[in-house]
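Common to both upcoming complexes is subunit A, partnered first by subunit B, then by subunit C.
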Partner chain A sequence: MELERFSYDNRLPKYFAYATILWGVVGMLAGVLIAFQLAFPFLNLDMAATTFGRVRPVHTNAVIFAFVGNGIFTAIYYSLPRLLKTKMFSKVLGNIHFWGWQLIIVAAAITLLAGYTTGKEYAELEWPIDIAITLVWVVFGINMFGTILTRRERHLYVAIWFFIASWVTVAMLHIVNSMELPVSFMKSYPVYAGVQDALVQWWYGHNAVAFFLTTPYLGLMYYFVPKAANRPVYSYRLSIVHFWSLIFLYIWAGPHHLLYTALPQWAQSLGTAFSIMLLLPSWGGMLNGLFTLRGAWDKVREDPILKFFVVGVTAYGMSTFEGPMLSLKNVNAISHYSDWTVAHVHIGALGWNGFLTFGMLYWLIPRMFKTELFSKKLASAHFWIGTFGIILYAIPMYWAAFRSYFMFKAFTPEGQLQYQFIDIVQTTVPFYIMRAVGGTIFLLGTLLMVYNLVKTVSKGSFVESEEAEAAPLAKTYAPTGKRFWHSVIERKPILLLVMSLLVVALGGIFELIPTFMIKSNIPTIASVKPYTPLELQGRDIYVREGCYTCHSQMIRPFRYEVMRYGEYSKAGEFVYDHPFQWGSKRTGPDLARIGGKYPDSWHFNHMLEPTSMAPGSVMPRYPWLFRRDIDVASTNSKIHAMRMLGVPYEEGYEAKANEDLMAQADKIAATLKTDKIEISSKKEIIALIAYLQRMGKDIKAEPKTTDK
Partner chain B sequence: MKFINYLEGITGISIYPMTSLLLFVVFFVLVALWVIRADNGLIDHMKNMPLEKDSID
Partner chain C sequence: MSVIIVMLVGSLIIAGGFLIAFLWSVKDGQYDDEYSPAHRILFDDTIKDKPIK
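Our next item is the complex of A and B:
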């Protein structure tokens, strides 16, 4: 058959690689900043945009969607054409994809620092950006499927399956979790509330880890590890089992983020069961990656790229062992809300995603510039520095988690809690410092890589496109051996796409539908009432400042939590919470029942200068809340939007909402005045105090009944 | 107040976790079957795809 000539474009992979490096450094810098802020609160600089609650989402979003995201695209734009023996479908779409994605990243950083957030972790971006993400994702999809459909290789290599499954699942997750009602430009409320919002969010959150941080990187592993080691993957059969069982199981595991919460018990158990099963495919993948290097371990000693891959894949194995363990309820009781979770995700992010990316870049850049790596020694040094950084990051966090757990649950012989929350915070600070140093060391290693790659680029000459040739696909397919149904699937990309979608959608449907169908079965507690307009404004300030990054609003049914924070949380208490604010980490105490615990003046002083009320506190100061006026112009549309979402404000309440708002604000200002605090009732702090004083109080009004 | 699992009372809720487990088992068996029966030549071909020569120069 006649061979066709074509060329592979290296320009877009190069751009994506540069973006990966740039955003990697930015994301890690933000991480180092917030790590030090936890130990030294003055680093919050008393400015809204530099305060932990706003910078933390920038860190997580930058690392996940900018660093890892561009890493994924680098891998796909490089490997896909080569595996399919064709050029990428469209240069124009590729360019739109590249620049669109970078624009989204810039918009995300600016808006998050400006306080525009939905308050849902890893999905913080507001609705206009959500739409932009959807559009760019579709462009990327068209470009990918266009390439697949015009291929010259009939069979799709396993890496491509992972890319396809990632694309379709991320699309589904993003759309379902971003269902929100715009209130104004850059402000929206999620259509789900309370328990349902929590379930959707962690179905999303967990699978963002699965289908953004894991499956595309498994594709990357299945392409670049064989490339770098110059030997095929250990077992292709294992990779098939690995692929299908991984994508099937992952999607069900989300509820393990909500153990011991007000989520229905059966959903919690389902999440646990599937999480434990997930260990097998995960380890299948890890072993497949590691065994690929069988008989080549002598190469690993010499080659820094393989070193990165080996430790990266090992880190994957470690965190996918840890994950199922953390989803056991008794282990989760210790880890949830603690620094353990933080350590866990950083083994994944720094080890798995970080090291795999570094290995890929060290392999890819010299090849695209037709030269050798500037310095193998420097790359080796980077490897050791990075590994040391991860260890120094993780160990203090594990230690801190166990230490604080034992302190939390310590009781005196008289049955009182032995330690105040603040005691525990203070003993954790040294661990925060060590962690921040570990993160800094990891960043230094990354900067070493930047230098090494810049030097490599400057001594090489860029190969814009590589010529290649291959025979076109024959019109009819004659299989080489026995036929079986799977061979039909992996020759038909659209069928593979549909199958993948079906497999992941099943999990979502089975998990979400019952909770939604039986909405009426979430017992509405009669005394739980909608927020007043002032409280609603205060809640939006709470969301804006990212309070949920350090404070939970979910008291678990443990003796030591109930004694510390009050009555454990009930599902029915959150029915008007758009979005839910249960949080995932307690750097500060739980706030679910903060209402009425302290006088208004306590909150006033605490927000102005936390250490004045809680000596030793690491909470930032919030001086701008005392300067800025409540945005009363938005009250009308906020009430309206809430009613559309099913919150029972009476018809026409919009018109008098601000009257009520001012009346309540004046009352708080008057109370403050009795404590000799003079402040205008128009300031944001008043709204925030109103919200804080409301939290968790409703069920206290519930008429007492005798327990059976 | 005792801890109550609010949604426990729905009739037939156990059908959801049971169905999901069953679906997975069936699915897993099918994939495993194919993997065992797949043609060696095809597997080798796919396995070596990343190692094929990328460019002609």
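Our next item is the complex of A and C:
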């Protein structure tokens, strides 16, 4: 058979690699900033754009979608053509993909800092950006499947399966979770409310971890670890088995983020059961990665790249052991809302994603520049610094979590809570400092890598494209040996594409959800009423400032929570919450029943200067809320949108919504005046106070059913 | 809680598809050749190092 000549493009992998490095540094810098902010609140700088609640989403989004995202694309644009012995399907699509993704990242950073957010973790971006993400993702998909279609290698290597599953599932997750009704150009409400929104969000959230941070990186592992060690993968059979079982199990695990919440019990148990089962396929992947180095451990001693891979894969094994453990309800009771979760994700993010990315870059950049790595010693130093950084990050967080747990549940012999929330905050601060130092050390290691790679690039000469040759696919395929159904799919890329699209079409089915949703948003607790226009505006300010990044709105049914925060939360209380704001971390106390707990003036002073009301608080100040006017022009469209989503505002309420808003605002201003506080009733703080004072109160109007 | 039903159906379709695929692959002996794919990726087909005739 005639050999065909073609070439592998190195330009796009290089661009993606540079983007990975750039956004990695940016994302880690943001992380270091917010870590220090938790210990030293003055670092919030009293400006909206630099305050924790806005920078934290920038950190998470930058690290997940910019750093790891570009890492995924680097790996795919480099390995896919080589695995399939063809060039990438389209250079134009590749360029659109690259520049589109970077534009989205820039837009994301700007809009998040400006306060445009949906208030759903890891899905904070507003609807125009959500649409852009969908389009770029489709472009990426066409380019990937196009490459698979035009391949010269019949067999689809296991890494490609991981890439395909990632693409399909992320597409579906993104579409379903981003179902939102635009209110204005940069504001929308999710179609789901309360418990339903929480469930969709964590179904998305958990699978974002699974199909954005895990499966594509397993694909990366299956290509780059064998390549770097020059060994075949330990067990090809295991790779296929654990691939199928992993994707089968992952999709069910989401509810483990909602244990002990108002989510129905059976859904919680389902999430727990599948999370525990996940241990097996996860460890299959880890062992397969580690055993690939069997008989090559001497190389690990010499080669910093393999060192990164070994610790990265080990970190994967540790966090996928920890994950199932955290899904056990009794363990979750300790870990939920605590710093344990933060430590857990950083073992994964810094260890697994970080170290695998570093290993890949150290392997890839010299190859693309036809040279040796500038300094192996520096890379080795980076490895040790990074490892130390992870340890210094994680241990204080674990410690802090247990410490605070025991403080939370400590009662005096008289049956009173022994510690105030602020006591727990203050004992945690030293741990925040240690964690921030650990993160800084990790960042320093990364900067060492930047220097090393810049030096490598400057001494090498870039190979724009690599010539290759391979035989074309035979028109008719004569199978040798036994035939399997699997190989049938592998030989028929169109069938594969159709099947993938079928799975994606499921996303389309999910688009019908809104129709279902609106009906089931009917309140189950009669006393729960929609928010007043002022409270609604206040709630949007709460979302905008990212209050959910530190405060939960979900009281779990434990004695120590009920005594501290009030009656545990009921599903029916959240039916008008678009979006839900249950949160995932309690740096500050739960706010589900904050309404009526303190006078208006307390909130006023607390938002202006938190330590005046709560000495020792690490909460930022919010001076701009006292300067900015409530956006009354948006009230109409907000009320209208909410009614479309099933919130029972009467027809035509838009017309007098602002009247009601001003009346309520004047009342709050008048109350503040009795406490000698002069403020215009038009300011945003008034709306926020209205919302805070409303929270969790409705249920108290419910007639008592129990006899005393 | 209608969203649970919808998500359950969707997830079941995906997961069920994966399950059938997996059982089928085991039954059909899909994993007989587990040698060549793992080794093939280690060989470069680039021709930069070869003398071009």
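Before moving on, here are some points about what is shown:
The working rule: the second predicted complex is superposed on the first by the 672 of 708 C-alpha atoms of A that agree within 3 Å, B and C clash if a C-alpha of one lies under 4 Å from a C-alpha of the other, contacts with A are read in each partner's own complex, and residues count from 1 in each chain.
Rule of thumb we're sticking to: a contact is a pair of C-beta atoms (placed from the backbone, for glycine too) under 8 Å apart; a residue touches a chain by one contact, two chains touch by 3 or more.
Source: prediction; values computed, not measured.
With both structures placed on the common chain, the touch criterion links A:V158 to subunit B and to subunit C. In the superposed model, A:Y217 makes contact with neither subunit B nor subunit C. Look at A:Y568: by the touch rule set out above, it reaches subunit B but stays clear of subunit C. Contacts of A:V200 after superposition: subunit C is touched, whereas subunit B is not reached.
When both complexes are overlaid on chain A, the residue A:Q265 reaches subunit B alone and has no touch with subunit C.
In the superposed pair of complexes, A:I247 makes contact with subunit C only, with no contact to subunit B. By the touch criterion defined above, A:V233 lies against subunit B and subunit C together after alignment on the C-alpha atoms of chain A. In the superposition on chain A, A:Y192 contacts subunit C only, with no contact to subunit B.
Touched by subunit B in one complex and by subunit C in the other are residues 8, 82-83, 153, 155, 157-158, 223, 226-227, 230-233, 236-237, 240-241, 244-245, 248, 252, 264, 267, 466-469, 481-482, 484-487, 503, 506, 510 of subunit A.
Across the complex, subunit B is touched by residues 8, 79, 82-83, 153, 155, 157-159, 222-223, 226-227, 230-233, 236-237, 240-241, 244-245, 248-249, 252, 262, 264-267, 269-270, 273-274, 277, 466-469, 479-482, 484-487, 503, 506-507, 510, 514-515, 518, 521-523, 557, 567-568, 570-572, 707-708 of subunit A.
Chain contact summary for the complex, subunit C toward subunit A: residues 1-7, 10-11, 13-15, 17-19, 21-22, 24-25, 28-42, 44-48.
Within the complex formed with subunit C, the residues of subunit A that make contact are 5, 8, 82-83, 85, 153, 155, 157-158, 172, 192, 195-196, 199-200, 203, 223, 226-227, 230-233, 235-237, 240-241, 244-245, 247-248, 251-252, 264, 267, 463, 466-470, 481-482, 484-487, 503, 506, 509-510, 512-513, 516-517, 519-520.
The touching residues of subunit B, counted against subunit A in their complex, run 1-3, 5-10, 13-14, 16-17, 19-21, 23-24, 27-28, 30-32, 34-51, 54-57.
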